[in-house]
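Paired with subunit B in one complex and with subunit C in the other, subunit A is shared by the two complexes that follow.
Up next is the complex of A and B:
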């Protein structure tokens, strides 16, 4: 039982003070140094008074909690029921703390993140033979933790294809090992390292300021003519140099294939063991007046056959890219030159070009942008001639992005597209030749 | 004779019951950042000047802490602007505080990157500290303080969040997207 009878408390404190006082060495007094002795006594008395004051305040606090008048003296019986109650509560609190700590330390789950988008417009933003509302994509992005240096990522997407059906695509599936910041090796299906957009702005549409990619740089099944994905091996890294960083990429993989009018990645390997390969070298300024600017050059070679015909085309593609990416501006430009050779078709090297330039301003209220893109694709190059979206064109576009909150954005775009090649297949596909678009997109991340 | 025996025991029992109820509620709903102290957080960081920094070294002043990454051009610039507003308000009140920005992406944002970041954005006051830590320390600090983030290749997906510690290093308040006026929240 815990009791502090008040008169006993006072007696205890008085005794303490007395003992402290008597502890002063007698020699100091005997020596006749009265001033020093008095000072020591005074100091100890001050300390004791402070202790008494603190104890008195504590007693008063406890008494005031008790609520007033003197209660009759209770016997030493603490009440077994009370003791048991307190013990049970303490045990329960310990259980809760343990459970909470365990929950917070549980890292065995695989968090699922991703993106999604829907749209509406007078045309489908990727397949101009469709009009109205459209399901964009549902993108699940997974990065299981496999250790300090072992990396993995997968990007599984549900999306609408050229035929209007919803399909599933394992767009990226990579397992890698990070030797250092300067060298990481990936194996699997990855975004081919050329230009800027293809490896900076992936399938998550929310991430980009613009509503969509330039037409020729769209993903293969969304109207693009470049091999956006490669299945193979990829070495990448960055090294600080001067006021910035050197970025490099080297890769080799399965050669692509024209299949059903689109470029196909050959996820299981190629029938003839043909390969594609390339590299990219960039410099990213992180200081000085050019802070935010990245410039680079890339090249790749590919041998693309056809699933429908005996076409076989040797691709040689070179490109340059520049991006100025700051808190206020996002300007992007990419340009490519194709020197392709039909190995089973019309002889000679076919030269084609494709480029775009985009200017964007990041304001607190929104991000307006303008873009011009142009692709001059030689239709004697069977690589382009076989593709559903392989016609030459130019497009002017202006758009704006509004962030509703940190996880969702609405984008609008007005665009005019002019097709430069008349192709019978385009008529069969129902693709318009010249068309104006009014598009809206609602994009989220989760 | 006044006693506080039985009343004292009952008082302890009631207090323990109340604590248990609060703990049950905490398990279900409260963020991991409740009642966090600076000394509980991972301690070893590196400043943008390459110096070793301990978070407990900031005790004695109020600490305004957030997380960011150097190539973020969407949310982090707004957070930095908000922090500057808070700094201005504290300046007018004559109150001192340390502003601590911890990098989300230690793989890309080393000391040199942060040093350049603060130069370009004129965030050079001596009471502003840009810190880089290990991946594990970064993840642990984020977890304890409720900074939810994930990496999408080189991009870091995150919200805008600021936490404030008092001069004793005890978490005082958290500011987020739903906070109306950050500068007035202190």
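Up next is the complex of A and C:
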């Protein structure tokens, strides 16, 4: 198709106008007659005007054709290509969305989470025979996805023990199957379901508002006097009822053993096949004025032998617990009573009690708390008498937690602890009878 | 501009933003094999309800609508939501819901996943069950 560039058309029009303009005066002078000259000039001017009009029309026509050609060319060159590109992009986006949509089912990796803490104080918060700075624990936990109903949880921890050295412990290792909301079965090593703290707060101290657990509820290798871990089977579940939920736990496992002054959960099994077992029943309010309140009762029986002596104690423990856990408050109370029988010792049942109450306020600036705890442990009960930290005591404590960010917190606690039945073994271990503590702790999760 | 004026301006902008986020509609959707009541949505996304009848629920968060969802349905902020799941995961051995990036991803996930539930910011075209509009 014939086309004239735009700049060429413009030059042609300008040249024509210029020639006409220059020719007019020359013709008039040559005529020498004004009237004739004017007539001639008028005629030529008319012709020139017609020519200009014709050229203008032609230029417009050509410009119109050229523009149409360009538009058509652009449409012809970009339309199908663009549509194809758009289709490819849409297809790609759909693929990405589909891949992301099914990402939950992939098995490309296992995230590792955990907790860690360090501290400093005039006493070690768990072992009062040590003073100064301390490393607390490095706690890794894994919750691999093994399908819709299969659950697994492992918790591997590096922590300082009573002898001051770092040890490794598989604190929890449990594999479960979820039949329904009302029934999940776990097998392995788990936290014994009693009270509230033992299953709610665990080893990661970042989880707790307070700097540490009540002394008698510490883990076995941190001075606790109760079997906080069980190796066995655990049935647990929850069912909606009224304004809340009924929660239950039933479990059976290896009977514990007193080993070196601490309660040992016998990971490999027991020498004589002795078992322990128990249950917990709780009600959790999830609406109304009592929203956040959970109350419950628990009980277990255990037959604890001794690795050092021939002591064999039948434990019968009952407890109650209440927790008020809201955005503003955390109040916890637990109480236990022990009715123990030393099967190879003096006849009769030994009664002991242990309880604590903690009040905490969750302010925007920090979480202050106060706690009182008391354990009256019969030293004629060989179960307590053989334990390194089995003496009766009471402790008053006040503390505060500051969250530096959502993953780290620093806590401070002032406490007084008084041992009620100071024993010879306590002197041997270097434990103080009455002591005031100033403690600081830096705890993180990751 | 004086500092109080700047502060007031910033506050108004933030208030407007949060108001816009909370003002957005949220549609909770589930796979067609799920029968669920709107009142149960909170339990599902906090891991307290894992089954709808015999169907195992698999909730997924939608990052593009999460702020509005948490504020309107769960009455939580993101930090509190994360804290709850950290504690629950550590206690129960469960994992928090996976996060989808957009409404389209959330809808695709729900369609493809038996027991799948999520939420979107506009009414879904179809192929999913709308449990509730919040």
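Here is the rule we use: the second predicted complex is superposed on the first by the 339 of 446 C-alpha atoms of A that agree within 3 Å, B and C clash if a C-alpha of one lies under 4 Å from a C-alpha of the other, contacts with A are read in each partner's own complex, and residues count from 1 in each chain.
The rule we apply is simple: contacts are C-beta pairs under 8 Å (C-beta built on N, C-alpha and C of every residue); 3 or more make two chains touch, one makes a residue touch a chain.
Only a predicted model underlies this, so the values are computations on that prediction, with no experimental measurement involved.
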First (subunit B), second (subunit C), both or neither touched by A:174: second
Subunit B versus subunit C as contact partner of A:330, first or second or both or neither: first
Contacts of A:219 with subunit B and subunit C, given as first, second, both or neither: neither
Which superposed partner A:202 touches (first subunit B, second subunit C, both, neither): both
Contact breadth on subunit A, by residue count: subunit C or subunit B: B
Touched partner set for A:126, first subunit B, second subunit C, both or neither: neither
Contacts of A:291 with subunit B and subunit C, given as first, second, both or neither: first
Contacts of A:141 with subunit B and subunit C, given as first, second, both or neither: both
First (subunit B), second (subunit C), both or neither touched by A:383: neither
Touching partner for A:406 - first (subunit B), second (subunit C), both, neither: both
Doubly contacted subunit A residues - partners subunit C and subunit B: 93, 97, 100, 103-104, 113, 141, 143, 148, 153, 181, 199-200, 202, 204, 207, 238, 327, 406, 445
Residues on subunit C engaged by subunit A in the complex (per definition of touch): 48-51, 56, 58, 60, 79-80, 82-83, 86-87, 89-95, 98, 100-102, 104-106, 108-109, 111-113, 115
Residue ranges of subunit A touching subunit C (in the complex, touch as defined): 93, 97-98, 100-105, 113, 141, 143, 145, 148-149, 151-153, 174, 176, 178, 180-181, 199-200, 202, 204, 207, 238, 245, 327, 406, 445
Of all residues in subunit B, those that touch subunit A in their complex: 1-13, 16-17, 19-20, 23-24, 26-27, 32, 70-71, 73-75, 77-78, 107-108, 110, 112-113, 116, 119-121, 135, 143, 150-155, 157-160, 177
Subunit A residues within the subunit B interface of the complex: 1-7, 62-63, 65-67, 70-71, 73-74, 78-79, 82-83, 85-86, 89-90, 92-93, 96-97, 99-100, 103-104, 111, 113, 141, 143, 148, 153, 181, 199-200, 202, 204, 207, 238, 240, 286-287, 291, 325-327, 330, 362, 364, 403, 405-407, 445
